[in-house]
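Heads up, the next two complexes both have subunit A, just with different partners, subunit B and then subunit C.
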Partner chain A sequence: MIGFVVKRFVNYFILTAIATLLAYVLASLSLNPAQRYLGRNPQPSPEVVTSILNGLGVNPDIPVLERLWIWLSNLVTHGSLGITVDNQQVTDVIFARAGVSLRLLIIGSIIGAVLGVVFGVWGAVKQYRVSDQLVSYASFTVGATPTFVIGVVLMILATGLNGLTGHQLINFSGEYTAGLQGNFLVLFGDRINHLILPTITLSLTAAAGYSRYQRSAMLDVLSADYIRTARSKGMSRNSALVKHGVRIALIPMSTYFAYSFALLLTGATVVELVFSWHGMGEYLVHSVQQNDINGVAGSVMFASILVLIAGTLSEVVYAALDPRVRV
Partner chain B sequence: MTEPLTITGKRAPAVTPVLEVDNLSVTFGRGANEVKAVRGVSYHVNPGEFLGIVGESGSGKSVSSMAVMGLLPSSARIRGSVRFQGRSLLECSDAELSGIRGKDISMIFQDPLSALTPVYTVGHQIAEGLLLHDKKLSRQGAAARAVELLKLVGIPSPERRAEAFPHEFSGGMRQRAMIAIAIANDPQLIIADEPTTALDVTIQAQILEVMQEAKEITGAAVVLITHDLGVVAGNADRIAVMYAGRLVETGGVDEVFHAPAMPYTIGLLRSMPSMASSQSRLVPLEGRPPSLAALPPGCPFAPRCPLVIDACREAEPALSGTEEHPTHQAACIRSSEITSGKLTRSEVFPRPAPVLEGAPAGTDGREVLSLKGLVRHFPLLKGAVFKRQIGTVRAVDGVSFELGSGQTLGLVGESGCGKSTTIMEILELAKPQQGQIRVNGVDVADLSKRDRLKMRRDIQVVFQDPMASIDPRLPVHDVIAEPLTVHGVSKKDQQRKVAEMMELVGLDPEMASRYPHEFSGGQRQRIGIARALVTDPKILVLDEPVSALDVSIQAGVINLLKDLQLQLGLSYVFVAHDLAVVHHIADHVAVMYLGRIVEYGTSDDVFSRPRHPYTQALISAVPIPDPALERTRVRVLLDGDLPSPTDDIPGCNFRSRCPLYQLLPEEQRLRCRDEDPSLRTVDDTSVACHYAEHDALIDTVAKR
Partner chain C sequence: MSMVEDAQVLPVTPKAQKRTNRPTSRGRLIFAKLARTPRFWVGTLTLLVIVLWALFGLAFYAYNATSQDVMSMNTAPTGNHWFGTDEIGGDIYAQTVVGLRKSLLIGFVVGPVSALLAGFIGALAGYLGGVWDRVIVWFIDLLLVLPALYILIMLYPLIKGGSWVIVMVYLAIFSWMILARVIRAQTSSLRDRDFVKAARFMGVKTSTIIRRHIIPNVSSLLIIDATLGVGAAILTETTLSYFGFGVQPPDVSLGTLLSSGTGAATTRPWLFIFPAAILVITVLATSLAGDALRDAVDPTSGANRD
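Take a look at the complex of A and B:
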């Protein structure tokens, strides 16, 4: 059992390393860090620009592989991901922003998964009934709508609601109200308030995808012989489905969870931008715009570590759900 | 509904039947897609009675029992009445039925592999059934009772096994666990739907014993649904035969087996290959069961019935008995002619005359295939990151045999004994791990790539499942012609050859453009045979060619194989677990156990005087479709399952299950433990047993 998880962890670790290295090389080849300084007034001298670039370790005159090696040795020896164009340690920026993103991502994906499972199972049990059709159409609609549209629509609805009640019921700009004074509860409540809309946006998209997969997994299980056995023991249809069906239908979903987590990450980038959250997604976009190679490589590494964790977690969940893979 | 009657035909002293099914009909779909799966079935089961319901696939036997349990999908429309202890089940709500299911009526399903939930322990699944119906029972109490039940159904070390998951159980053990679930709440009625179909004969015999025990312990009535007449012959009190959604004959087991009154039952009984007679031809039941979607008026069996008269096609006959045997009922307008002896049963389905006698055309009996010490071991790996070998699966462990031209070699044994691996090694035509394979006198290890391709024309294979082994998206012509394409035969020659082959296997060449799903199971297996024969092979490897077919269809395919052998001088390697079929078709038999041949000889010798205790047990496990014989004979039962082929057993590897070993005195056992028996000749057969001459087993069995 532990060997199984360790093996998968090693696999994911290798994938993470490859993803990060490729991201560094790709960013180095496609981004032009010198561009930042070209349009400046006064124009810095080429020597100054070169020395800045050298300081950042992104001088295009040095071969990519050599730069990669230096970056990698720094990472291994000092745990440093290099310096951003604003002269901050990339790791510091990531630590500052990770909490913001993770709060959104973890809550969003958990709610999304739970909703997806519930709606998927519901749809399968009520196959072709009105409620199943409704769930299906709803998930297709959400799935086909770009995340930012959902975000904006929610904002409009929230504004309408705020206007209707005359209070600022729902806040959706930033992750907290700047300058708000009060005790812990007030501040905590404020953060929760700001979380509502972005979380709904993320969970809706996630749930739409989940529910489709969960529905088909559950449909396979519905006709299984062991459900019939459970019924023949005297279980009612519902408890047989819940006790003997859902758990088995969840097994394939744990694998899907790992991949959808990665997809959720991209969704989160858009959500962060729409709701002006200063999280990792925003940082990635920002870094690309700033031609910040170290920033890009760092944020890709962050993302791939998340996938690594989600992947390993899904293996643990898989083994917990299915005794047949435990060795 | 007739009065409840006992088997003997006398009026019973007012016994209330446990189950009374009256005019039950089940329909699926609507309009043009309407399928009448069950059409007016009435039967009853008395307390403690054992009723066998027999029928081919699609006869409605399972659907009718699922209707009793109330487990059919909601799309099924059910009419008629089902009364359990006087209570009408069809009027019960699902919640009320849930109170009855598992408590008063329980069910055992066919495939124990899929019938248990894979993620819960076996003990948990048994305890669940107990807890559902006894709210006062504690979890510990239920778990303890589950262990008791596992012990009752003969699972060794039940405390430990209760903690195991279904995938850690063998097929036989899973079915035992299913029986434990079924008897958990002392039900009044147990419905067993093909409980032994997925199991080996030896395990089937064990499970039938356990079912009888379960019946005695609980005093429950049993309804056993099966397609195998042999399974019900020894156990059932009464038999009901189903055909096309209706009961066509019911009666006491002796009446139905010894004096069947419905031509279908006669045909079924006569089409079964018997262990007793080997060489006479089987009686095929031509045609196929009608489609239940569009039934023509009249008797549904009429198109296949040799006794059909015009009146048969007008109206469907009702189930009726005769004056002297009111309980023995048949749905046939000519049944009185049959019972009165005006029509003798052997004339209804006459045995077809053999096509040819004597040696097959163009054969001289010289060796076409020989194996010498064939070995195929698979390494067993363990470890997540670094694999290391922790054992060896000895799938084939030194197998030798010879096959003469025009001869048939039967390869028998339980599943997991290495039969399939052996034939796969032969078909691969490559150098084996150890040993030698010679085809037509040529060692296949020496073949060049081109010669190997050429040799593939000479050795072809027919697979077990004709549904799965034929590409459903190719028309039959392409399916049959495919081997020719591989060998580069021109399109024109292919067409001629395909037509010729279809004619040969008894298919209309006009049907070549149709797709496989338009054919019945038996026809599809004929397509499989045509595909194998299209390259004019000398050797045909038949991997369980009839085990997926219904009994009535099976006989036709076996007869065809025998005819083809005579016409074309083919040699067969016939792999099967059905010993009666092997006895019927094989000249020589090799019995395999754990990768080795334990007995080898001519079919007649091996089947009439089996020398190895394993062969004796195998043969004795085969149910005989004759209730009188079946009740009196004593079986050599094997304990437990086939050991894992990874185990390294010193001495004789059959020792752990050997019934003879149990009887031997200690000093003789020593030899079994220390010395691995090799094949030696005893009375013309080769046997791998130190005490093959020992008749202790046969004597004890006879005495018991």
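Take a look at the complex of A and C:
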């Protein structure tokens, strides 16, 4: 099992590393870091602009591959991802923002996966009954709704709720209330309160996809012979479904999790932008808007590492569920 | 003996006899199953209504997408302005219809085009096998590492100020990968079938074999994904445009419309709710139709269970 996981990890590692390097090249080709300075009035002299760009390591006159090499050797020797256009270390920005994104991603994906599996299994077991139809139509509707629309609709509903009760029951702008004083419990409660709507948004989106997939995986399993065997040797329907059904149906889900992680990242980025959370997805978008090549490369690298972890994790789950790969 | 045989023969009406004699084609079977799926009718009829509405919705309407009614700014829906107006008196109904046209056009082009791309690349990988197969699959995996949205956002500076057609091309380029993997898996099992071998040994060119023998055999998958791809493309387009990375003003799509309506979503909800509802209904219709197609094509779905 360890050999299998290590092999998959190396494969993922190479893929994500190359994807990061390609992203650096892509960002260097598409972004124009000089634009930020050329738009100023009075216009800075070309020498000033060149020296700033050289300082950032993003001078377009130096070949892309050479800049990539310098960026990479800085990363390996100094653990530095370069500096942003605001003269901060990219690694510092990442450390400050990573927690925000991780909190959203971890809680959102766990809730989303649990909801998706439960509703998917439920839909398969109750195939074509009213409850299955309800779950199906609900997941279709959520799947057909862009994440930002879910977020904004939840905001409208929360505003309505707050207005109806006359209290600020649900807070949804930003990640915490700025300037709030109080002890740890008050601040913690405030963060939890701000977490509600973004987490619901992300987990709903994730659960819609998972439940469709889990339902069809479970339907494949339900018609298998070994379920009938388990039933005919006297196992109760529920324990046969759980021990022989759900466990097997989770195997394709673990692969699907790795594939859908990109969707989850997309969803988290949208949620951060809609609820104005200062996370890594928002950082990528701002870096593109500010023509900050180092910022883009840093945030893409962060995303790649998450993809690497999620991919490896799904292989571990796969190996744990499917005894055949352990041999 | 004869009595037993007589007893076993059930009385058969001539009409039923006639029906069993006629061979049933696969297309007929699929359509018969589709016709019995309410989801299919709901999806296709809704989509038809939406397309007709996008085409003729402004025919008998007093305002167009650029007209500004100074007498009624920021008004809730009235008999005059069906979806209300924005802060400069622009008519939301007219803007929604125009935005819907663009979003539908992008969806209906990107869905089929990306399915075709997936078909050819997947079939090529599966049919060639060996080194080519591994190279193509590796390339697909590489494209799948990062979210397509990230790549599209990074490419945004190149399309700034460009036309919406470029957005459409970008969307098509970055949405074929997962289907291509599915097609590849199907093709590699097809390539050892006798009819493909026969064609190969007769000296038929590879491109012809893929076109004549492989693609038709995976066409059901392609049709399903072309349908589902329409909805997916509309979703990606609106998300990109919403954050300003897709369709650029003065072009209007549902995404740009929603983007300008968001700021006032809690106080003037008509700016947001109507375009959002149209968007959800459109995508929902395509995914219902696509899902019904998948159920009809896949012989194992809907089998009798426990």
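The rule we apply is simple: the second predicted complex is superposed on the first by the 327 of 327 C-alpha atoms of A that agree within 3 Å, B and C clash if a C-alpha of one lies under 4 Å from a C-alpha of the other, contacts with A are read in each partner's own complex, and residues count from 1 in each chain.
Keep this in mind: a contact is a pair of C-beta atoms (placed from the backbone, for glycine too) under 8 Å apart; a residue touches a chain by one contact, two chains touch by 3 or more.
Computed from a predicted structure; not experimentally measured.
Visitor: If you stack the two complexes on chain A, which partner ends up touching A:259: first (subunit B), second (subunit C), both, or neither?
Guide: Only subunit C; A:259 stays clear of subunit B.
Visitor: Which partner, once the models are overlaid, touches more of subunit A's residues, subunit C or subunit B?
Guide: Of the two chains, more subunit A residues are contacted by C.
Visitor: Using the touch definition from the top, say if A:296 reaches subunit B (first), subunit C (second), both or neither.
Guide: second
Visitor: Between subunit B (first) and subunit C (second), which, if any, makes contact with A:323: first, second, both or neither?
Guide: Only subunit B; A:323 stays clear of subunit C.
Visitor: For A:244, decide between first (touching subunit B), second (touching subunit C), both and neither.
Guide: first
Visitor: When the two structures are overlaid on chain A, which partner does A:273 contact: first (subunit B), second (subunit C), both, or neither?
Guide: The second partner, subunit C, only.
Visitor: Applying the touch criterion given at the start, work out whether A:228 contacts subunit B, subunit C, both or neither, answering first, second, both or neither.
Guide: In the superposition, A:228 touches subunit B and subunit C alike.
Visitor: For A:70, is the partner it touches subunit B (first), subunit C (second), both, or none of the two (neither)?
Guide: In the superposed model, A:70 contacts neither subunit B nor subunit C.
Visitor: Using the superposition on chain A as set up above, list the residues of subunit A that contact both subunit B and subunit C.
Guide: Correct list for subunit A: 228, 231, 237.
Visitor: Please output the residues of subunit C touching subunit A within their complex, sorted ascending.
Guide: On the subunit C side, the touching residues are 138, 141-142, 144-151, 153-158, 178, 231, 235, 238-239, 242-243, 245, 258, 262, 265-266, 269, 272, 276, 279-280, 283-284, 287-288, 291, 300-301, 303-306.
Visitor: Show me the residue ranges of subunit A that touch subunit B in the complex, using the header's touch definition.
Guide: Residues of subunit A touching subunit B: 3-4, 6-7, 10, 224-226, 228-237, 244, 247-248, 251, 321-324, 327.
Visitor: Please give the residue numbers of subunit B that touch subunit A in the complex, ascending.
Guide: The touching residues are 69, 71, 94-95, 98-103, 106-107, 109, 111, 114-120, 125, 128-129, 132-133, 165, 167, 178, 181, 382-385.
Visitor: Okay, in this complex, where on subunit A does subunit C touch?
Guide: Interface residues on subunit A, with respect to subunit C: 15-16, 18-19, 22-23, 26-27, 30-32, 127, 140-141, 143-149, 152-153, 155-156, 159, 216, 219-220, 222-223, 227-228, 231, 237, 259, 262-263, 265-266, 269-270, 273, 284-285, 288, 291, 296, 300, 303-304, 307.
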